[in-house]
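In the part that follows, the structures are each spelled out as structure tokens.
Common to both upcoming complexes is chain A, partnered first by chain B, then by chain C.
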Partner chain A sequence: MQVNMKGVGLGKKLLKRNEIYLFFVIIGLSIILSIFNPNFFTLENLFDILRSYSFMGILAVGLLVVLLSGGIDISFTANATVAQYVMAYLLVNNPEMSIFLAIFIPCTIGIVLGGINASLIYFLNAPPIIITIATLNVFFGVLQFISGGKWLYNFPVWFRNFSKITVIKLFNPEGIPYGLSILTIIWIAIILGTFFILKYTTLGRKIYAMGGNIEAAKRSGLNILQLQMFVYCFMGLFAGIASIIQALLAQTVAPNAIMGRELEIIAAVVLGGASLAGGSGSLIGTLLGVSLIAVISNGLTLMRVSSYWQKVFIGLIIIISVSVTALQRRAVARRVAVVDVGE
Partner chain B sequence: MAVLFLQMSRISKFYAGVRALDNVDFSLDRGEIHCLVGENGSGKSTLIKIISGVEKPEEGADILLEGKRLDIEHFTSKNSIDNGVHVIYQDLSLFPNLTVRENIGFNMHVEKGKKFVNWADINKIAQEVVEDIGVNIELEREVGTLSIADQQLVAICKALIGDLKLLIMDEPTSSLTKNEVDSLFSVVKKLKKRGITTLFVSHKLNEILEIAERVTVLRDGKCVGVYDPDELDHEKLTYLMTGKKIEYIKPDTDSVFSEKLLEVRGFSKKGNFKDIDLTLYKGEILGIIGLLGSGRTEFALSLFGINAAGKGRILIEGKEVKIRANKDALNHGIGYVPEDRLELGLVMPQSIGNNITITILQKLLNNLNMIDKGKKEDAVERGVSDLAIKVASTESAVMTLSGGNQQRVVLAKWISTEPRILILDEPTVGIDVAAKSSIHEIIKKLAAQGIGIILISDEIQEVLYNCHRILVMRKGRITGEFRTGEITEEKLFQVVNAG
Partner chain C sequence: MWGSEKTGSQDWFRKNREFTTLPFVLVAVFILMSVLAQGRFLKGSNFQSMAFQLPEVGLFSLAMMITLLTGGINLSVITTANLSSIVTALIITRSCAPGDTGAYVTLVIMLAIAAALATSLVLGLINGVLIAHVGVSAILATLGTMTLYDGLGIAITRGYVISDFPKSFLSIGNGTIFGIPIALLIFGVCAYIMSVILSRKPYGLSVYMIGSNERATEFSGVNNKNVLMKTYLLSGFLSGVASVIMTSRFNSANAGYGSSYLLVTVLIAVLGGVDPFGGFGKVAGLVMALVILQFISSGLNLLGVTAFITISLWGTILIMVMGTNNYLEKRRFRQIKKYFAS
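Here is the complex of A and B:
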């Protein structure tokens, strides 16, 4: 009996969460897409999506943490671009450079640039959106100026091979090998690590608290500077990691390759139920938000729909999802206003 | 014999040369329920801030806590908490996005050097404290989804973690229903049994007299005195707080109104209100009294077209009208001053002038369809002088005004539309006693000009001493009708709180 009750409660709880609707939308879309193109619903394609969207997925995790804290970061693509370009420049000119340095340098750059964001936001007490729009322009502008917009390629062999490492090795009907990419593994590790921080460390809970009510957070004695510093540096670290992954995927580095993706990523995180007002959002939701955008883009590509139309579709899907959430919220509000008329 | 818990002597505080507190002495006994009352600006908040270590008093002050002299120079809010003093501010300082249990146990996150969360501990502590004071709150709920009353109980539970000795609550009852106030008071009485002292800061006079064992009155930064609630009544307390005699006189209860202005017949809306009939006459002030959740605001909103009714008819001056949207209501000369003036009534960062004229912009247009500056200035000036709004400039932002003046701006805004019917929903909530009575004067003046007024409130005195007729609302229905001349405070209190 007890167990049964719990089961019902869990079912209800799941239904109450926005994520579940997003999940159904993704399943529905996948079914439709696989009717049009049987290649869509294969393990090979799934692994491929998971590999190519690990870049976006990692940035989305970083951004989720920023949104949870009540902030926002627009500059992370510029941050990633700078980190990536410096790494690529060093790699191309010193092919003997160690893997360790190739990872360490972009991550450090990401953290430092994130720290600049956090300091400006805290000490100027300015809205994060303005500060990070400004730093986006500064970071990217300086890079453009110094690099002259030059593309970089001809990476060392290990760099090319690293991107092809897979964990599970399978063969498709044509005998071509495929598998779960190491890049996907990195993404999954980042999700799990972030989950642990958010749920089981006092730091994670303080981030939620600050996003929920910053005044109360100050009164509870939380160190706001420290928290903001962590959050934006965390975003910066992930921008650094994501930039390595993007370079591994593309094997060329162009100063404008990542720029402009920030809005898509913000949309994915918000689609996943994170609030722009701070304090609420989940990793599952973020994962689903990224998945939805991935499924649409990938599905439409397989259907040979032009990339311009893909943008239109993504825009429409975002509008539809947001409407569903808005309607739900209205339904909740209506329920609150009920007066017991004693009928 | 009462044991002294806190003794503060010669407390003064200046802010930029302005004297907020002037040589105040204040004391609390262990386990007593004490009320600190005074109007806005009387120094209540400053005194609390000094007790809680947020502000330091001027030199010469002396504070003894449990018999020990405090080192005032180095007394911080952290010291105060370590000494068992907790303040629950009006905004409660909770995290709306976290669960009840996490809010209650939140201070465990803040413990020094603590890196990881022990959810089992937080669960246990929250469970224990909730059971301990016998409140019924789901620990899994997000705090933001709870009623204000439950949020307050969560804040109390949170304060109880650790060694609570003095609980200070700032305006705790301002948005609670009668039942919720009762359950809050029963919790406070439980705390008392454990020797915990409670200090209420409030200006809801009835409730103060109901629970307090001693009352300290502050006025203009000075301590007027400490009183036994038995020697106080509403009138005397008002006098002590304001220094002015405010007379409560029922309005001319003999006046007969004959010109029907508004008739509502069989008004119903599922889950909001049912079978409401009322008649409002020209020049009459009709009170609707009901507790929070009685459907009073929902009904008012549907008269104004915002919450369209399912069934029923409305007649204005004998002619049937349809009100489907608030535009219709405005066209028929119905004005509505909302309960929550901060959220719904005013554009806070905008100037007083812009707020007053926002409802009549159409009337201010000149031949070029632009706003005529002269006309606008006239309208603003009329509003400001009619309602005696005391401001240096009509260009200052509304958010810089006091509550009383803000409410006058809302009234001015609606009066400038020249309404025939004005619905006032809790027009004086959160306003000082003195400012209150001047708002009441304005309402009476408007009625005398022939406007029909519906005054919605849950305060007995407010309706009894301002209205000609009173309707009692409960569970979405009108359950009684009285002429103010025929009923006493006590009787009305019973009717409103029945069942």
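Here is the complex of A and C:
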């Protein structure tokens, strides 16, 4: 028992170190960027990043929960696209539609599609990555067929104004107002809510347990179907919410706008220390992972790096940070030389 | 020989599990498409156009498969090919005009192809070093290199398409020998070599072993790093071969070609019986899956169905195959249980 406790303590410490390390990378990058461009280190730019990355951040939180449970979801972008398109179609055709419905419909669609994923994964006893690649194609293909790839715009006035609501109102030296966007507030609320579920509810602990060892979880009497259903519906719900946010940010809805971003979001979550094998990962790490990608893209734009070269830098920084993490983990493993056949 | 006695055939089917459902699906799809498209499907011209479309995706799927077998993945297969094809295109367009012929052009083309293959090997080497020596998980390493290679392609071409090559280069992707597309022959040779390597060579055995249990393989004296390096080199090389065919067939190179193929290659490999967690899967299964998908997309195309319905049908078929496999597995488990109970 005591040995076990020690193991947990050690694991926690290592995890913390990983996140702190990522934190320093972000701080270091920010300092370099602000030397090159003083506009980087302003509250206005911070608020701007927080606003435009709330879409990615919300999806990352949902994905983290899926990864924690030992699963993976590739289909969430298709899921979000379907939810978003249906909402936009209804909004454009009935501008009188209530705000409640405009939020309720995409969230419900997200949850239902997530539920389909969970059912297939559980009842077909199939790897989540395969099922969700399959459903990605099914959801997206059907949507493209029905919509004919048509773009939607001309949203009601309230929909256009909603995205401009800010909580704290400040003025920059030129007198233009800026502030903390309501979209960021939604993102923060989602992080706090998820934190509460993961940390303080039995449901959250069960998700960690299932991700750690699904067989052990099964034998200790956890209802796997229920847990998987929750996890994928949770991801679906967040895909729904994120899709509303993306529509608010872009003010146009295209069936292919969100598609293809799934790997970028997975990268952010995994950069934040979440294990693809399940059971380990944290919200702070995820937040840092999203921040890293946000800081890089935003910083490169501010540094006027030609947009042709941006992807090269993003690729290099992903490679460097995953390599350093891998080397560090290896060094730690060498120091703590334990014969552990299970790992 | 394997049909001669019951236990023998059962044994054969157990060892070659991709043959339990796929051949039936293949035949069913073939009959369905022939009936639905009424003669248009069974035409020689249709088969020839399928034979031109299939090799590219086939080579990409092979490149994906070999990494899946080791329990890894290579998300950079498509961007590796695009970067290699940009190198080819630059060499050819800088050295000769589209109308040129003669020995000089042949030499340039040979050089360009060699450069494409060398580029793809170098890109594969980078993947291999990251995964085998630095110890980054395959999905993360190749996610990074996918972005990097794509970025390099965009930076070199500035997003433009490089096009117009001499006629003799175009024959690789568009020409035929005795009515068989050259590209299909290239794919056939690659698939055959892969299947021999995987089933007959020590390297192939190590690939399956690493995919089943990496640590146990290392303890049994296999040099895992070496095997993984070879795997990602091979994967890169196959992408390089695909790139040559692709450049020639499209008569152009661009950083963004074929990006929709990426998930399709995983789909084909898994449909063909490759275990996405490694250790199991054969080239024969992959080829069958490839042909099934080609039948479906060509057949539906003849029927005038949009490509998007085809995409969702692929997904549906994948789910159905997973369901059937699960059902067969359960039934076999029940039979074993019954056997031990009696």
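Quick note on the criterion: the second predicted complex is superposed on the first by the 316 of 343 C-alpha atoms of A that agree within 3 Å, B and C clash if a C-alpha of one lies under 4 Å from a C-alpha of the other, contacts with A are read in each partner's own complex, and residues count from 1 in each chain.
Keep this in mind: contacts are C-beta pairs under 8 Å (C-beta built on N, C-alpha and C of every residue); 3 or more make two chains touch, one makes a residue touch a chain.
None of the values given here were measured: they were computed from a predicted structure.
With both structures placed on the common chain, the touch criterion links A:127 to chain C but leaves chain B unconnected.
When the two complexes are overlaid on their common chain A, residue A:220 makes contact with chain B while staying clear of chain C. Legend: residue contacts after superposition of the two complexes on their common chain; A:136 is shown touching chain C, with no touch to chain B. In the overlay built on the shared chain, the residue A:99 is in contact with neither chain B nor chain C.
Of the two partner chains placed by the overlay, only chain C lies in contact with A:276; chain B stays clear of it. Which of chain B and chain C touches more residues of chain A is settled by the count: it is C. Once the two complexes are overlaid on the shared chain, A:323 sits against chain C while remaining clear of chain B. Touch criterion met: A:209 reaches chain B, while chain C stays clear of it. By the document's definition of touching, of the two partners only chain B reaches A:200; chain C does not. Comparing the two interfaces of chain A, the one with chain B and the one with chain C have residues 341 in common. Interface residues of chain B, counted against chain A in their complex, comprise 78, 91-98, 102, 106-107, 109-110, 114-117, 119, 144, 270-274, 293-295, 298, 475-477.
Across the complex, chain B is touched by residues 199-206, 208-209, 211-213, 215-217, 219-222, 279-280, 337-343 of chain A.
The part of chain C that touches chain A in the complex is made up of residues 75, 130, 134-137, 139-141, 143-152, 154-155, 158-159, 215, 259, 263, 266-267, 270, 276-277, 306, 308-316, 318-319, 322-323, 326, 329.
Residues 74, 120, 124-127, 129-131, 133-142, 144-145, 260, 263, 266-267, 270, 276, 306, 308-316, 318-319, 322-323, 325-327, 329-330, 341 of chain A are the ones touching chain C in the complex.
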